[in-house]
Amino acid sequence: MLELIVISTLNGVLFGMLLFLLSSGLTVIFSMMGVLNFAHASFYMLGAFFGFQLTKWIGFWPALVLAPLLVGAIGMAVERYGLRNTHKHGHVAELLLTFGLAFAIEEIVSMIWGRSPLDYRVPALLDFPAFTIFSTNYPAYKIFMLAVSIVIFVALLIVLKRTRVGLIVQAALTHPHMVGHLGHNVGRVFMVVFGVGSALAGLAGVIAGPALVTQSDMAAALGPILFVVIVFGGLGSLPGAFIASLVIGLVQTFAVALNGSLASAFGPLDPSTGPSVLTDIWNVTIAQVAPIVPYMLLVLILIVRPMGLMGTRES
Amino acid sequence: MTTATRSTSKATATPAGGGVRFYGVWLLGIAVLIVLPLIFSSGGSLTSFSLIGIAIVFALSYNILLGQTGLLSFGHAVHYGLGGFAACHMMNAVVSHGWPIPLPFIPLFGGIGGLVFAMIIGWVMTKRAGTVFAMISLGIGELVASSSLILRSMFGGEAGITTDRTALPKMLGWSFGPQLQVYYLIAFWLVLSAIAMYALTRTPLGRISNAVRDNPERVQFIGYDPHVVRYLAFCFAGFFAGVAGGLAAINFEIANSAYLGAIQSGLVLFSTFIGGTAYFFGPMLGAILVTYLQLGLTNVTSVWQLYFGIIFIGIVMFSPGGIAGLLMMHRPLVRAGTLWTVIPSYLVAIVPTVALACGVILTIETVARYSGGDPINLFGISFNAKSPVTWIAAAVLLVGGAFVARLAWRRIADAWDRAATVARDRGYLA
Amino acid sequence: MRKLTLAIAVIAPMLGHAASAEDTVKIGYIDPLSGGGASVGEGGLKTFQYLADELNAKGGILGHKVEIVPLDNKTNPQESLVQAQKAIDAGVHYITQGNGSSVGAALSDFVTKNNTRNPGKEVLYFNYAAVDPSLTNEKCSYWHFRWDASSDIKMEALTNYMKDTASIKKVYLINQDYSFGQSVRTDARKMLGAKRPDIQIVGDELHPLLKITDFSPYIAKIKASGADSVVTGNWGQDIALLLKAAADAGLKVNWYTYYAGGAGGPTAIKQTGLDHQVFQITEGFANSGNQAAMDYEKAFRAKVNLSLWYPRAVNEMRMFKAAAEKAKSIDPVKVAAALEDLKFEVLDGGQGLMRKDDHQFFQPIYISSFGKLAANEPFDEESTGWGWHLVSKIDTPQAMVPTTCKMVRP
C-alpha cells in the first residue's frame, strides 16, 4: 500500500506540474487579454511534434530550445495577424477563432505526421532508472521533467513579480490605456505575452512527448482538462492554477490506484433489483471514473465557490 | 454581429404591409419542403434531406443561446443526445407497454428529455455568461459524455440503444418504415419548431434576452434578473435541441454516446456561426451548408476537417456575421438600387479569388497525399502530388491569387463605399 | 454567384446517384478514412482493393467484376448508417466493415431492418473485425457474417494454450472499460476458472477507453500484485502506452494480448525491448510457416507496402466467391444461403467452417510472440527488425464456442 502511495504521489505531482506548465501560459494570456485560447493545447501538441522532428535532425537538446521558440513564433503570428484583427468583434469571436485554429492545427499535424503514435524516444542521456523504490524503477527522464517544470514555475514567478517587464505586463492587464500613455506599445506587449504563453505550451509538449504519447489527438485529449484547471483554480489566478494543477494531477492519479466502489464500501445491492442506473453507480470503481473526476470537481466548485479556488472576480 | 446590422434587421422584420411577404416566405418554405422529395427521390437524397432537417432544428435551438442571448456553449450536444436517448427509451416503452402513442409524438419526449436536463443543470451554469459559461458548458459536456459510457443500463454503453420505429402504433396508415415518411415527419417537426422558435424571438422574453446579451447591467436596472433570463433561454434551447435529438433517434433508430460528444457540439457551433447568428435564417443556411459539406466532402478528401477549420477561421476573421450577414449586407443596396454598381467589381474579383481557392486546395491536397501518392483531381484536371509541376502550380495559384485577389477586393471595398454612400443618401442605410 | 455555386454543389451529387448496371459486384467498404481511425481504415481499404484486383485478374466472381466502394464512417455509428444508405443507393448489395463493435452492432441492425422493409433489395453485411460476441449471440442476424474470431473464441483458444503452460501461476487482467474489454475480462475469469482453477487471478482492472496518457499507476498496481502474466484486450494507444509504461518501470511479465500487432503496436514493443514477452492471438500471421500463406504475404507486401493485417479478409473474399459459385448467382439472398455451413480451406492452412447457427466463422487460431527473428522467419513488422514467432496453433475444434443465437430466417 505504501508503495502505491509513494509512486502515485510522484506520478501525480509530475502530471500536475505538466498541467501547470500548460495552464500557466493559458492563465497569463487570459488574464491579460481576456482571451481564452482554445488552441493552447494545440500549441502543446505542436511542441511535441516539432520536438520529435528536430530531435531527429539535430538531437534532443537543441530541439528542447528550438521547438518552443518555433511554437512561440507561431503564437506571435496568430496574435498579430489573427486575434488582433478579430479583437474588434469581441471576445466571443476571439474564442471562436482559436477554436477553429485548434481544429485546423490538429488536421495539419495529422496530415504531415500521420495519425499513428510517433516513435519519439527519451534521449539516451536520460534513459536510465533514476532510483528504485519498492522494486519499481523510476525513470530519470521523469525527474528531469519535474525539474524543468519547477524551474519554469519559479522563473515565471520571479519575472512577473520582481522585474520591470512583469510590472508592465501586470499594469497592461488592469490599465492598458495608462500603460500606452506611458509610452509602452501595448499591442507588442500582448503579442509577446501570447508568444511566451505559446512557447511554454510548446516546451511542455517537447518534454512530455517522449514520456507520454506523441499523436495527433494529444491536444484533444488534454485540452478540456486544462480548462478545468484554470476554472477550478480561479480564472486569471496564477497561484490558483498552480494549486489546481497539483490537486487535479494528484486526484486523478490516486483515483486510478483505488479499487473501491460503493458496493465494496456498503456491500452489494440486493440482486433482485436487476440492472438499473443505481446498480451501475453502485458497482463502478473509483479507478473507472478517474478521468471524469476533474469534471466532477469542476461542477462541485462552481456550486460551492463560483469564482474558483483563488479567483477574485465573479466574471 | 455589429449592432448596426442587428438594428436594421429589427426595423425591417415587420414592416407595415409586409405581412403578406412575411407569410409568403414561410409558405414558400413549407411548399419547398413538400415538393423536394418528389424531385429528388433517391434514398440517399432523402437521407440527406432528413439529416439537414434535423441539423436545422438543432442549429436554430443553438442560436437561442448564441445569437439571441449571447451564450457561447461548447456542450449543446448534451441536450441533443439526452433527447435522443429519451426518445429511444420512450419508443421502446411504447412498444413494450402497448401505449397508444404513435411515432409523430415521440420528438416531444425527446424535447422533454433535453428540457429536464437543462432545468436541472441550467441554474448553476447560467449564473455567469461569457467565457466562464463557455468553459462550464465544455466541462459539463465532457462529464455527461464520459458518464454515458459508465451508466450502461441507461445509455447502453458504447453500442447505445436501438429501437424499431415501425413497431409503434401506426398513424394515418403510415408505418414510418420508408425513409420518405420519416422525411415528412422530420419536415413537419422542422416547420413546427421553426415557427415556435421564431415566435419565441418575438415574445418579451426573446426581446429581453437580446438585451441581456447586449448589456446585462442595464437589464438589471430596469428590474429583470439576467440570470433568470439566461436560465429560461437555456431551457428553451435545451428543449428544442432535445426535439432535434428525438428526430435523429427516429431517423437512425439508435441512440449512442456519439450523440452527446464534443464533435456534435462542435458541429452545431460551426453550423450556427457559419450561417450567421444575427438573423433567424442564418443557422438554417449554416446547417444546410455544413451538413451537406460533411456528407459530400468526405467522399472527395480525407482532410475535410481542415477545410471546415479554414472556412470557419475565414468567417470569423472576415465576415463575423456569417453567410446571412453577407447576404443581408446587400439588402439596403438592392433597395436603393445601387447594387449594380458593385457587381462589376465582384465579377472582376471572381477570377483571382477562385485561383486563390484552387491554390489553397491544391497545396493542402499535395501535402495530404504526398505520402499516399494518390492523384489529385481538381475540376477534372489530374495532378500528381509528387511532381514539382504540381508544387509550382500550387505556389503560383496561391501567391498570385492572393496578390491579385487583394487588389480586387480593395476594388470591391471602394465600389461598396460609393454604393453605400448613395444608399445612405437615399435613406436606406443608417 | 454564391447562391449559384451553392445550388450546383447541392444538386450535382444528388443527380449523380444513378443506379449503375449490374455487371459489377460492388462491395461497400465502410470504415474510418478520416479522423483518428484513418490509418487503420486505409490499411483495410488497401487490403480489400488488393483482394478485389486479385479476383478480377482471375475473371472476377461468376464473370462479374468486383469493385470496392470506399465509404468513410469516421468510426461513428450514425455516420455509418448514412454511408450504408448511400452505398445501397449506388447499387451495393454487400457491405464490409470491421472497426468498432458499436458500428458493427448498428450496421447489423440497419441491414436487418433494411432487408425486412425492402424485400428484393437485400444487403449482406460481411464483418471482418468487429469481435463483440453479442453480434453472433443475442444480437445475431441472418444477414451478418463474421470472419474474425469473436473475443470469446480467442479467449477459448488462449485458455486452451494457458491450460498446458505450467509456468503461469498468477494472472492480471487489464482491459478497456467498454463492452469488448468487459467480455475479455468475464470470459477470461470463466474459462480460466474452469480449465485451470489453480491459476490465481491477482487483479482485474478496467480503465477508460483511449483516455489514459500515462499507465504508470496501473503498472505499479500490477507490480504490487506479483503477477507473472497479464491478459489484455487493449488496442491502439492503450496497448502501446501500457507496454511503454511497463518497460519504463522494469516490469517483467508475459503479455497475452489481442491486438499488440495492430498499427503502431510492433514499433512500441520494439521500443520497450520486451523480446518475446508479448504474445498475440490471431487467425494467422506472417511467419506462420505455411508456404502458400508466406508466398501470399510476400506478394502482398511487395505491392501494398503493408503487412497483411487481415488474413481473414482473404478468407472472406475467397469464400464470397466460393459461395457465389455454389449458388450460381450473385443475388445476396442466395449467397447468404450458400455461405451457411460452408467449409473452406483458410489462407494459413486448415479447415474453417461458417457455422449455420450464428454465422460465425471458425478457424485455427495462432498464438505468436514478438521479438528477434529466427532464420526461417523472413517477415518483420513496421521495419523494426522484429517479427512474430509461432508459439502455438489451436485447431478449429479447440477454438469453437457454443452460441445462444436464435436465428430469425427469412
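Brief remarks follow.
Order as written gives the chain letters A, B and C; numbering starts at 1 within each chain.
Just so it is clear, a residue touches a chain if its C-beta (ideal position, glycine included) is under 8 Å from a C-beta of that chain, and two chains touch if they have at least 3 such contacts.
Bear in mind the structure is a predicted one, so any value in this text is a computation, not a measurement.
Shared contact partners of subunit A and subunit C, listed by label: B. Interface comparison, B-C versus A-B: the pair with the greater number of contacting C-beta pairs is A-B. With centres defined as mean CA coordinates, subunit C is found 37 Å away from subunit B. If you average the CA atoms of subunit A and of subunit B, the two centres end up 31 Å from each other.
Annotation for subunit B: residues touching 2 or more other chains are 146, 150, 303, 305. Those residues of subunit A in touch with two or more other chains are numbered 114, 288, 291.
Each of the following residues of subunit C touches two or more other chains: 38, 177, 208, 211.
On subunit A, the positions that touch subunit B within their shared complex are 30, 34, 36, 82, 85-86, 89-93, 95-97, 99-101, 103-104, 106-108, 111-112, 114, 220, 224, 227-228, 230-231, 235, 275-277, 279-281, 284, 288-289, 291-292, 295-296, 298-299, 302-303, 306, 314-315. For subunit A in complex with subunit C, the touching residues are 3-4, 7-8, 11, 15, 110, 114-117, 119, 121, 129, 132, 134-139, 211-213, 215-218, 221-222, 253, 256-257, 285, 287-288, 290-291.
Against subunit A, in their complex, subunit C makes its touches with residues 36-39, 177, 205-208, 211-214, 216-221, 223-224, 237, 240-241, 248-250, 263-264, 267-268, 271. Within the complex formed with subunit B, the residues of subunit C that make contact are 1-2, 6, 9-10, 13-15, 17, 33-35, 38, 42, 71-72, 74, 76-78, 81-82, 85-86, 88-90, 101-102, 105-106, 109-110, 113, 117, 132, 134, 177-179, 208-209, 211.
Chain contact summary for the complex, subunit B toward subunit C: residues 40, 42-45, 47-48, 51, 146, 149-150, 157-160, 162, 164, 166, 177-179, 248, 252-254, 256, 258-259, 263, 288-289, 292, 295-296, 298-299, 302-305, 323, 326, 346, 350, 372.
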